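Once you scroll down, you'll see the structures, which are given as structure tokens.
After this come two complexes, each holding chain A, first together with chain B and then together with chain C.
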Partner chain A sequence: MSAGSMLYFNVNDGFLEGIVRGFKLGILTSADYSNLVQCESLDDLKLHLQTTDYGDFLENEPSPLHTTTIAEKCTGKMVEQFNYLRAHSVQPLSTFLDYITYGYMIDNVVLLITGTLHERDPEELKEKCHPLGKFDAMGSITVEQTTADLYNNVLVDTPLGPYIQGALAVQDLDEKHIEEIRNTLYKAYLEDFDRYCRTLGDATYEVMHQLLGFEADRRSINITLNSFGTELEKEDRAKLYPRLGLLYPTGIRTLAEAEDPDSVQAAVAHIPTFKELFSQVGYDEDKSLEDAFFEHEVKLNKLAFETQFGYGCFYSYFKLKEQEIRNIVWIAECIVQDQKSKINQYINIY
Partner chain B sequence: ETGINAEYGGLMQHPTLAPTSAPWANDTTLAGDWFYELTPYSWGAIGASFAIAISVAGAAWGIFITGSSILGAAVKVPRIRTKNLISVIFCEAVAIYGIIMAIIFQSKLKDVGHFGDFVPKDYYSGFALFWAGITVGLSNLACGVCVGITGSGAALSDAANPALFVKILVIEIFGSALGLFGVIISIVQASNADFVGNGRSK
Partner chain C sequence: MGDLWRSQKMQLVQLFVQIDAAHDTVDELGNLGLVQFVDLNPSVNPFQRNFVNEVKIADEMERKLRFFEEQVEKVNTELSLENKYSPIEIQKGDDPMIRTKLEELEGRFEDLEKELQQMNNNQEALNRNYNEVIELKYVLSIDEAFFHDGPDFGGLSDEPIYGDAGEENQRLLGAKSEQSGPSQAIKLGFVTGVIPRVKFPTFERVLFRATRGNSYLKFGEIDQSIKDPQSGENIAKNVFIVFFQGERLQGKIKKICEAFGATLYPCPETAKERQELSSQVSNRLTDLKIVLERTLEHRRQVLMNVAVHLESWKTKVKKEKAIYHTMNMFNYDTGRKCLIAEGWCPVTATDQIQAALLRAKERSSATVPSILNPIPSRHTPPTYFKTNKFTLAFQAIVDSYGVPRYGEVNPGVLTIITFPFLFGVMFGDVGHGLAMLIFAAFLIWKEKQWMGQKLNELIAMMFEGRYVLLLMSFFAIYAGLLYNEFLSVPINFFGSNWERPKYTDTQYIPKDLNYSYPFGVDPVWKGNPSELLYYNSLKMKMSIILGVLQMSVGISMKLLNGIHFDNYLDVFYEFVPQIIFMMSLFGYMCFMIFYKWLAIPYALNDLRNRTIIAPNASFPCNPQNPGTGFSPFLLNVLIFMVLGIYKHDQWKCLYPGQFYVQAVLVLLALICVPIMLFPKPCILRSRHNASQKLSASAIQHSEEHSGEEEEFQFGEIFVHQIIETIEFVLGSVSNTASYLRLWALSLAHSELATVFWQKLLIQYGVQLPSLMANPNSTTAYIVGSVALFVTASGWLAASIAVLLLMESLSAFLHALRLHWVEFQNKFYKGDGIKFNPFSYERILSGDVDE
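Up next is the complex of A and B:
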């Protein structure tokens, strides 16, 4: 918190910071989760969710409920809150909130491209897109045939335009390269977001740098682990690592050379955080690396609320809300599939 | 002897505007004599205006900082509305200190006659009121901002956990004492200010 931010922040953003902290108070606690895991059916789940901040959001849904409906409605609630904040914000908070949506936009673009390749119905695809990542040209993606057309006609006008230029060689739009496209876009997005946060002052940058850095490290590790057994060459893989985070620049160099999961673990062992996360996975049979990453992410996002007069809490709130939706969907799926033994594998937030 | 003309008890016109046959025609002035070229009235009046203006700026700054946080937090947690008005009241007190001091300073300004009838005591009074005004103004500015920022934190933490409010209130009380320090010193500074003049014109 630099002196400047304390003096001027509240002029434009004080009200919204109060609002977002109010939203955060509505995040489900461990007491709520212990009620939810005891539900026998999705209708019970709906009943319990009525007493939380979600309220009557499932009221008009015909029973029997499906988990996809619950997921959709929970996301709808989150989008409502986001739109409220976005509508009331002024610069530079409004640009910051827009940056949060670009991540979802990238996922939507990739979803639409994959769907087109498999010749799915465009309307169906649009319904599957994340609502926060909607952009105007979404409809025209489905008719593009080559990457070049896609870039020139559709993506260049979206906020994702700058992430494509220079980063991607014109490649065939096919199954193999789609993940590369996703990762390249996301790398450019993370670096751009970090650069933007630096202009917002210390209070925001301290929090966001850490959060974006962890996201970048996590992507680097996941890209490496997922590339074993595929045709992705090491040099190509190295180009996908974001230049951000604790693993940059030395950890990435070692990661680029890794050939198997053990060497990945060795490559990141010099950073205590990752050493700890990997060893947690080693001890616990049920816990996957993804779970460990999610847990750590929740911890970092909770810390963002310790800083006042910064924008980090806005970003963190939506990440925590996403995690909450994942938790609710996990619990709902376990109830439906009658897998009560696994039901406690959600990640507790508060 | 430069500056003060002993016979008249004070500096009179600007040396370069004075006729060359005047007794002070050969006086040379130093740069610092500019301070004497403004009448004590101006120094005193500026002091009085700084006292109120800068205090009010501090109070306003504090109120908007804490007010916006109270508004935002109260949307989801309405119970904090009434309690947190205390922070606004503490900021307001700072403006009231400014009013009091400005009234005190203004009441010390008295007409002493011609420009040339100022005695050194009058110059002292002018300067004393000026700096007393700066003292109370800047202390209240700092105090208002301090209480505002603390009040903002108090509103947000009260929304999350009601037990925290009283603890943070203690911090605000210490913060508002800063304004009081400014008021006390400024009263001491201004206490000997008195416009007497040399009685020639009365």
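Up next is the complex of A and C:
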């Protein structure tokens, strides 16, 4: 993209940008949430959601609702929006949108492998997969025994093919290695996505680099925190850190040495963002580190809408929507399980 | 003064309804459709209201009804495939069911839904079974062919394939069988099944990769598409058979098949067994077919019963939902066990509402009658006009600009005549008017049939405006008669007053100087070289006169509004200066136009002189020929009247004493401007100050009102007045000029019509043979008739597309603009709220969302 891209941006992508910004206005606001948390039952929840942009999406569901149905339908709504955008997009936006789906694909692959390990029914597993990350040969993942097979037989046809090369050294698809595969895939994905965004011009890259960087940092930290007490070697662990984000390269080096949660905090403390996130968890009992991360992510995604002539807002919209679905499901679960005290732990978006 | 002139008198009423009677009361009021309920708990969430459960039940019932409808449609499509039974028809119209209670219906729906679901499940299981059998049938027949294909292969020879089939199998695998020899026996197994065709390519690839090429896949297409029992869609499927070697591969291949959702079927290894199975399968198939048919018939019976009531159930549930939505707006008085409702209604409808309340009381056998009492309100009431099918469309024209403020004069009344009239001025042609009249008459003739039906959007729009169209066509015909144009051709009704003494003459001489053509324009002008000059002059002047007239009427409306609201500030400091301003400049202009028409043109001498003097002999008789005769250019007169007052000696005078009259008029107009500008804001300010002093002495009193009363800001009001004044003064010039669009559009219309008629039809169609070498030859007749056919169809198409559709639309829009801008900005506030009563009629026709 050249400097003229601003001039031509709206020719190709103006319509969809308008659509996505319109979609953004439909994201539930704090007023909606304060209404939602007052609901006594899922039917109340449905009644209220009907007055929002979700509209009559639960209209044809018979009355005793389940949280899973709500989650499914919410995701369905999001997928519908995504497909609309994807169908109307032209290059390079369509590739950009495809990149968004790769993340879901990775999750699906991992889900299928884990499910097969636990000997679940393949059909049931497929239903659980995120609809945005579905691909043709997905079903046959359940057959594969080794990473090499996985690569040779299934993933080679998918965009995930190149990503798995880092994990080929891992031999068996068992419980222990599954997380390694997930993280290797994700690492390669984030780096590749970042590289791709660089080709899309400054407006996109500026936003996306920050968002993907944060995602990478969050993963690095989570990997480290989760590795304590497992058999994961330090050297192997260091290989999983994405080479991206604020922590790369110095933070990662110190992170690689970390041996307990406190040293993780110390390792990332030189970045103000993370210092603040960690300290938030310190004095708020109810808040987990994950929540703090989510909150920060929402903030970053909201900022993406402040820029123009870039694709960042497309990515951000779906991240925000995902968060919104998590919120709705959380609230719905709290209502069903009668955990009113925890109901306020959703993450407000607007 | 009629129902339309001002909004009906509205009142806010409070209703005390006993809780048992509430439902029936709202029901009766919904039938009546004259009360607009006010939401008394706007701050309460939708799911925390009193009757939210009933709304939920209604929602649930609507869902079930949709389910029933879907089922009916599904069965209908199935029936249409079977071709045996007539499809189920959903009956329209109400039936006595309507009286049953919601709760009873709910139970009934519940049972029905269960029954239907049960039947669907059975049907699905049966279908699945049926599919399996069909698939198996195909698997058997196609596999048979596979086994046949390899002539050496075990198929016919009854040898078990799994066994020692050595050479043949190896040939099948493409290995070099000659070298390996029959002694090296290899065990070959196979798996056969059915897979959806879309998945087949990936399946094939994955299979190849997973077995590293050590498998052999053959497939055949099932030519009959198989219905998916769940979604009911038809899916194309493939039969496949995989040959492989070894136990491990078998497990792997089976897993892959599973992962791809393929159905595996056992296939016997010998031909004999296959034949046996095959005959079993066809027996089962016929059995299943009979069972399936019976279930379908049963479903049809059940759904027929549903279909009879479906429409009335829908209405009922919709009504119930609306009732509870309305009841959710009421206040619940727990102490007295009654509901309190507030709503707007026309004062005249009080008796009707009382009667409805009484009916409801009897119906619900409540002990305490409902009480209705009007309460004073500081809110502006909604505006309500009683319209009928004729006035409705005209009122809609006004409403789409803005609903009249409560109590203000409704421009809709005048619009009924002025709108079609202005349209007619622009669309003046008898022929086109007649075509439009026929169309409008057709729409009105269809009225009974089409009323209340869902029409195509485009037709619906025209259907709603059918009476507008009717009046528009009347006035188009009228204006066409005035202009003397029938499809651009003039009609000589009364005999023209002009003649050419000799045929070769280019000059026309009036026969009788004291005679004028009795109605409309003398036909001689049409087609004459001076046609345009004559028509332009006539139409421009007419446009100005009509415009000034309409604007003056608009200003007079301000007077009526001022009197109605007792707002004498508006009367004396807006209406009076405005009407004087308008009259002294543009009213005077109209006077001059009439004067010039009546007093000057037929001065005989002038005419005679000019016929001789005029250099261009083709229009000797144009009385308004600029620069000749006595008459000055009216436009110049008006410009000099204001700008050139000091050089009045250079003027060409229209009448003696003209200068003095004009000087006085200009002075009057100038004086009016400051009167429009200053007094109103100043008086408002002094009034405000006075009230301020009063309230200062009684502080408590003012506190009550201070919340509602807006801050008085002199600056803002003054600026507003400046804007109003400028808008009026400048607007009077530009708006008058804007009425010239009447001339422009009518000119365009008549010129276009002339072009199509004269240039297309006459020149190329009618006159073509006469241009040929031998106009009476057979070729000339043939060419002539073909040309006439082509040009006549071209003319007809152009007349319809360009003149009747496009031109009428553009004239319509310009008439709309003249009303919305030039006419209504003189007086119309248009910031009212439309009366939106709770009425079943509107809810059921889909006019309102709940």
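The criterion applied here is as follows: the second predicted complex is superposed on the first by the 344 of 350 C-alpha atoms of A that agree within 3 Å, B and C clash if a C-alpha of one lies under 4 Å from a C-alpha of the other, contacts with A are read in each partner's own complex, and residues count from 1 in each chain.
In the analysis below, a residue touches a chain if its C-beta (ideal position, glycine included) is under 8 Å from a C-beta of that chain, and two chains touch if they have at least 3 such contacts.
Predicted model, so just to flag it, every value in this text is computed and none were measured.
Undergrad: Quick check for you: in the superposed arrangement, does A:A137 touch first (chain B), second (chain C), both or neither?
TA: After superposition on chain A, A:A137 lies in contact with chain C alone.
Undergrad: Would you mind checking which one, chain B or chain C, touches more residues on chain A?
TA: C
Undergrad: Tell me which partner A:S263 touches in the superposition: chain B (first), chain C (second), both or neither.
TA: neither
Undergrad: In the overlay, answer first, second, both or neither for which of chain B and chain C A:T69 touches.
TA: neither
Undergrad: Pick one for A:G14: touches chain B only (first), chain C only (second), both, or neither.
TA: Once the two structures are laid over each other on A, A:G14 reaches chain B alone.
Undergrad: Go through the superposed model and pick first if A:T52 touches only chain B, second if only chain C, both, or neither.
TA: Neither: A:T52 stays clear of chain B and chain C.
Undergrad: Of the partners chain B and chain C, which touch A:E123 in the superposed model: first, second, both, neither?
TA: Second partner only.
Undergrad: Looking at the overlay, what does A:N222 touch: chain B (first), chain C (second), both, or neither?
TA: A:N222 contacts neither chain B nor chain C.
Undergrad: Touching chain B in one complex and chain C in the other: list those residues of chain A.
TA: none
Undergrad: Looking at the complex, which residues from chain B come into contact with chain A?
TA: These residues of chain B touch chain A: 61, 64-65, 68-77, 145, 149, 152-153, 155-156, 159-160.
Undergrad: Would you pull the chain A residues touching chain B in the complex into a rising list?
TA: It comes out as residues 6-7, 10-11, 14-19, 21-23, 25-26, 308.
Undergrad: Under the stated contact criterion, what part of chain A meets chain C in this complex?
TA: Chain A residues touching chain C: 35, 38-40, 43-44, 47-48, 51, 59-63, 122-123, 136-137, 139-143, 149, 152-154, 157.
Undergrad: So in the complex, which bits of chain C are touching chain A?
TA: Touch residues, chain C against chain A: 45-48, 52, 55-56, 59-60, 63, 66-67, 199, 202, 205-206, 209-210, 252, 255-256, 258-261.
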